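Have a look at these structures, which come just after this line.
Next come two complexes, and both contain chain A; in the first it sits with chain B, in the second with chain C.
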Partner chain A sequence: MSAINPDEQTAQQLAGLRPGAADRSKHADLGDGTLVEAPGERAPLVLNDRSAHDVTEIVCGYAENTPPKWWLPAFLIAASSTGLLGVGVLYLIITGVGVWGLNNQVNWAWDITNFVFWIGIGHAGTLISAILCLLKQKWRTAVNRSAEAMTIFAVTCAGIFPAIHVGRIWFIWFVFPIPNYNYIWPNFQSPLLWDVFAVSTYATVSGLFWYMGMIPDFATMRDRAILRLNASASAGEKKKLPDILRAYIFTLLAQGWRMSSRHWHRYEMAYLLLAGLATPLVLSVHSIVSFDFATSVVPGWHTTIFPPYFVAGAIFGGFAMVLLLLIPIRELYANFKDFLTLRHLENMSKILLATGMMVGFAYAMEFFIAWYGGNEYEWYVFINNRANPAMAPYWWAYWAMITCNVLSPQVFWFKKMRTNPLVIWLVALFVTIGMWFERFVIIVTSLHRAWLPATWHMFWPTWVDIGIFVGSIGLFLTLFLLFLRFVPVFPIAELKAVLPEADPHRGHGDHDEPGADVHGGGHGELSAPKGAH
Partner chain B sequence: MSIVSGIADYFPFVVRKPPARFRTEDDRPVHGIMAEYDSAADVYHAAEQVRDAGYTKWDVYTPYPIHGMEHAMGVKRTFLPLVVAGGGFTGVGLGFLMQWWISGVDYPLMKQGKPYAAWEPFVMVSFELGILFAAFTALFGMLALNGLPRWHHPLMLKERFLRASDDRFIIVIEAEDKKFDPDATVKLLEDAGSSRVDLVEDE
Partner chain C sequence: MSQMTADQYRAHLERTRRHPALAADNIHLPAGSGTKLSALCFGVALAGLALTLLGAVVVNVKHALAAYQVGVMSVLAIALGSLFMIMIFNLVNAGWHGTVKRQWEHLFSMLPLCVLLVFPVLAIEVIRAVVAGDSGRDGFLLFEWLNPAISGTFLIEHKAGFLNAPFWLLRFVLYAAIWIFLAQRLYSLSKQQDLTGDRWLSQKARFMSGWGTLVLALTSSFAAFDWMMSMDYRFFSTMWGVYYFAASAGASVATLVIVLAILRGMGRLTGAVTDEHFRDLGKFLFAFSVFWAYIGFSQYFLIWYANIPEETAYYLRRMTGGWEALSFFLIAGHFVVPFVLLLFKPVKHSTLGLALVAGWLLVMHVLDMFWIIRPMVYVQDWASLNPGPTGWWVDVAAIVGVFALFAGVLIRKIASGPLVAANDPYLHESLKHKNYVG
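Let's turn to the complex of A and B:
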């Protein structure tokens, strides 16, 4: 309950002034102690012998105390670049989509590139959280909350682009089946309409999933605020305004959650169901996004590999964004290294490598089918529009994509590389850039030389294109910084549940009927982390 | 009696709470008895004993879901999945119905000579609506079955109880339970290894 800063707490623990410190240097060969390769030994999920109380103190402490010095400048920069988004969008709405670099030939460019880029990033969060939950991967506790937050913020950014690209934004409500006096309805045979339903469902369900995961943690924040208010009342001090606000807001958000086991039982079931629903949802949404292209007859778009190719790309780009955000946070908030260990980073690097190769396979397959399918227009798109530097004006975009997405993750074949946070961060940065180029390549290079040569036209962005894109990054970072500041960044209850002390059968030989038969296996696996310290 | 009392918790203006079975010495109604335990293992074994003693209106409060606690408490598997399935199929059904009526009946529009009411293009939107309805049912069904939102509860006035959301393990046996007895219940909880037993007043 102390309001002590978590960094100070660690410092005291390491100095032996507080209990709970463990020697970090003991296992130098195991990185931070988690890079265990022995098959019989499980890597600890939480380091430094953290108790349940430590977890509460650390995660809530960061959300309750004054933020570190870098936070405010970072927030101001991010928030001001969001202003670019506002200016750009306003200018666009007042003037028309002609303020972008669009022309008759290239009628979709950065707008839809940015849309697919952000929605792809937005896919990984829920997918990471839901799939890892279904597969009972306990290390999800290290990333799931921030990955889900990232999803919500990325989908927010994604949603802006299709809305503003219609030109007359005051007609945007026509995309929804709303009864109207014009007596017209949307066309349910159009993939663009499926996209409206897919993306809005995805945004809603991701929001529900995120919120549901936070209900118990909001209850923890509420209880801490109330306890602090009670303490200052009994000490005769004035009640602090932030705590009064927290008590009200978190009381509302926690819905009266009181950690009841009867509630937990239904909660776990509901969470599992939501995870099971979110997984096919993610796959369907990005498949539907790819239908926007695949159901058209533009060479380079009309491809059956698009749905799986887009989904693999989304997981790839999303994991890269998770790493891009979490590695700096892990460095800036030292205590989070206990929850987000090197092993977690290594796991994610392996996923980047695997999904990067899937994406590489998809690129190769596209090329192969363009040749093998014998369609000379499609083959022409790949050679003349994309790959051949001598012919394709956008060759650099294609090769930037290949370099970033296929070649750069190959360093993860080496263990040294995938356990080095700096290398991982750089690869993640490359992948994020590469995934943006992938969408640019698909959209612009296919369009700019489609059909009659007389209509061919290049696309170059204007300041409005650039401003809106940079502004959307600003919006994303602003939201993420607010999330870091005010909300528990790790799932507190779930983290506590993977601590060794959470096993009710730990150190006991006596098992009780049905429960023990099913859960007896947890015995060995949960006592292992103790020994690994 | 317990149904009336349950309704009174949420709608005090509809029915009054029936008078409490037990009152404290200073004449306040008793909500129940709260016992603290030091570890997940302790509270797990204590829960088994409370279950075996035949109590029905009681609960275990823990900072995180303890694996197998529903067995230790004798809680039956929730029927929430059926509710969620109902929500999902409702969404799929409504989705198909809406699209069929709009495209096939109310506003038939010729598109590339395709049949107006072909079911194939309707699959995507129906699927999404199914997921949407099921997800809403999962969250709000869970909350409703848990009797939430409920922003006030006698337990929340106990300062020691609030530590259940940090690192405390607490068993509460309510005074409404037929087997509740001020002395025997306290003894049971203490014998089960409680480190501290408190009385919880109502209001």
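Let's turn to the complex of A and C:
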């Protein structure tokens, strides 16, 4: 036993307590009320005292009401850009991959750059859903649904490029190990084949995860749609086709969900299991994408840090895309700011800073080891193909990458910057551009001067390259706009679980503050309320 | 929504402090406890290190030095990993770790000792290089690039700007200064909070952790280059720093689990560190064991696949000459076994069960360091010098000696103050920490 009497010791220590030099809480700038810096306190996750009913009304409203005025023009622009994709791909298939700027030396360029770019963006959704779920980060509820949607759309865009770059697209089924009379099999030793498995597994699990998370919300939408249908029927009006369709489609999608506690129990379990399965997938997909390069002996490609470096880069690019999309929507949609607070933006900015530093760390390691390893070809790629403006024709791409990915997130060391939506949006834009350049730098600068100087060749994109890339952005935005229009953009049920009123301890103490639930010396665990305190 | 005023916070803190789990006899060890145990540890350490010295004489200096280095890099990993974990928790405003935080702080405040333990290796190697001069034969030194006798080769010449004794020692000083500063500062902020209850100290710690993590990532990676990778000056891997980090984080959690299990076994921390905390620590063990495997596999696989001689030599050495058994054992022991065991909730929920897995993982961690360092000893003169199995006592003596020293100092540190950072602003969250699902 302690030498000091316990009570005496506690009394001594409490007597010594002082709150700190100044009462800093009074002067703190809380922004919208969520920028709580004081240690020991948590920011609210939903603002303006929204009730559970408000949450349903607001979130369902986005998908049910007439879309805002900007939606249709935005949709038309995005959809017509998608046309570029169609035209480009059709022309490519009819004519051959020669319509790209590829040549004998640079046989991979924008096609694989775009593939890696999009597949990287497709990582944030599952990261937010799965890893933040496993880490019990409740703030993910504000962004997980839209990030997951973005994941699916980005993977869709990514999938186009490897498919169309094979030249004879009518043989694309060869990528699958399908038994056939000719006994022709894909090369199981090739990372390109593992890509097929990894990406399709990832797309499947992300899709399942996204869909499963939406089932309770689809049920809410279904109930509301049926109510609306019945209301118009009892008012003697004729049922409108969109209303009927809405009721039918959501009924199908909700799969008979009735909000019973048994449903919830299984849902929670399944969600957790899927989160556990999806987490290694997030790592595996981009690791295998990195194997496409790193298993080779091409200088600039073969380096052991590639797998975690690519994963960090993917999370980096994915979060940038989430911010790029959600910050404008936060301004354009009414009440969106109640759920996507400045705190959420600040957290995501911090993740951008952290992952940006990881990517920067990898750049530095690569550069250092390129020198340290003593392989002159490796060093040549880094200096004379990439970094040195006097020697490297693509120096601008390398420095664009460094500026966008490593330098621009540094502004997030300052709280003022990482709580300013405009600044965050601009940095996210820079990062998105920088991450595209990263893949371009890795792929093109390594290839354009490999081995024999006589075969060195520059790569310049043609209008088909550009058209297909712009078209893929169009496709991505089209899908995202459709998502905004028809699907609840927030997980309604999960948002309700993070409302202040969902806290079982709420109102038990004198103040609405942490620790109020420690009932005057009683057990702090989930003890039953003992009446007024 | 407003923040608490100073008075409100004080009231809140006092309410938290009245939690029964924070009763003085629950968060303090009995006076004078641990003295015997730590004395025993020091005794073992003395014996172990004396035997290592004997080994240097009887077997050879290089062997004894490598064995000692295995022990040192293992305990250094524990301390660095703990520093990393606490800084990450500070950065993300973690709440659940409030009651286990202090033990992690004890672990990282072992950094001065660890750094001190590294120094003899560097000093002895430099002295041996200087004394031997040009007469040193191939394979004379553990850090072969220090050997003036072989300075003419291309790679040595090329790397001389980085791999040279003065810069090597200078970097040691730099890493040491940074780590000791970070560790001491974070530790003293937390101890200060014990006394004053000033919650803004946590914000200071959070701010420090931002740049601290960055600096730690760079310094620990380069330290891993300097003190392990450069043993084979031909070899290079961009993943090396990440590999050492993965090993560190896992070793840190494993050691923490063992410390907490012992404290709980002594009847302390009841209600403060619960099965729920153990379950989350178990998840961390699982995660870092998988992460280690991921990093280790990636490094191996890319080198194997590309099959470039300058890299494959590293793995060839560990897949021949009897080392392949250890290589395969590490895959099973450091990854497969803990992966399977830690999937089960009862294992993570049980103090003893998790402590056993943690102990196993700690042994695997030492074997991992052993696997990295020890094959470098008899590279050039395998046949003539290798004492074979009869030389193993030196390895055991050195590793046990270093760990006993580490444990002895750690025990004294733990016994010297409260076992919980009782004024941590997030403590109320940690006290009611629950894993709701499942």
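Things worth noting here:
Quick note on the criterion: the second predicted complex is superposed on the first by the 474 of 533 C-alpha atoms of A that agree within 3 Å, B and C clash if a C-alpha of one lies under 4 Å from a C-alpha of the other, contacts with A are read in each partner's own complex, and residues count from 1 in each chain.
Convention: a residue touches a chain if its C-beta (ideal position, glycine included) is under 8 Å from a C-beta of that chain, and two chains touch if they have at least 3 such contacts.
Just so it is clear, the model here is predicted, and its values are computed rather than measured.
In the superposition on chain A, A:366 contacts chain C only, with no contact to chain B. Once the two complexes are laid over each other on the shared chain, residue contacts for A:258 go to chain B alone; chain C is not touched. Touch criterion not met for A:454: it reaches neither chain B nor chain C. In the superposed model, A:303 makes contact with chain C only, not with chain B.
When both complexes are overlaid on chain A, the residue A:269 reaches chain B and chain C alike. By the touch criterion defined above, A:178 reaches neither chain B nor chain C. In the superposed model, A:375 lies in contact with chain C only, and not with chain B. Look at A:496: by the touch rule set out above, it reaches chain B but stays clear of chain C.
Residues 1, 268-269, 280, 291, 513-516, 518 of chain A are contacted both by chain B in one complex and by chain C in the other.
On the side of chain C, the complex with chain A involves touching residues 1-10, 12-21, 23-25, 28, 30-31, 91, 93, 95, 154-155, 158-159, 162, 194-203, 206, 210, 214, 217-218, 221, 236-242, 271, 283, 290, 294-295, 298-299, 301-303, 305-306, 308, 310, 422-423, 425-426, 428-429, 431-432, 434, 437-438.
Here chain B touches chain A in the complex through residues 39-41, 43-45, 47-48, 59-73, 75, 78, 80-81, 84, 88, 98-99, 102-103, 106-107, 109, 111, 114, 118, 121-122, 124-125, 127-129, 131-132, 134-136, 138-139, 141-143, 145-146, 148-153, 155-156, 159, 161-167, going by the rule given at the top. On chain A, the positions that touch chain C within their shared complex are 1-7, 9-10, 13-14, 16-21, 23-26, 28, 30, 33-34, 36-44, 134, 268-269, 272, 280, 283, 287, 291, 294-297, 302-308, 350, 357, 361-362, 364-366, 369, 372-375, 413, 511, 513-518, 520-521, 523-526.
Of all residues in chain A, only 1, 51-53, 56, 177, 183-189, 191, 193-194, 197-198, 201, 204-205, 208-209, 211-212, 216, 219-220, 222-224, 226-227, 230, 251-252, 255-270, 273-274, 277-278, 280-281, 284-285, 288, 291, 493-494, 496-497, 501-508, 512-516, 518-519, 522 touch chain B in the complex they form.
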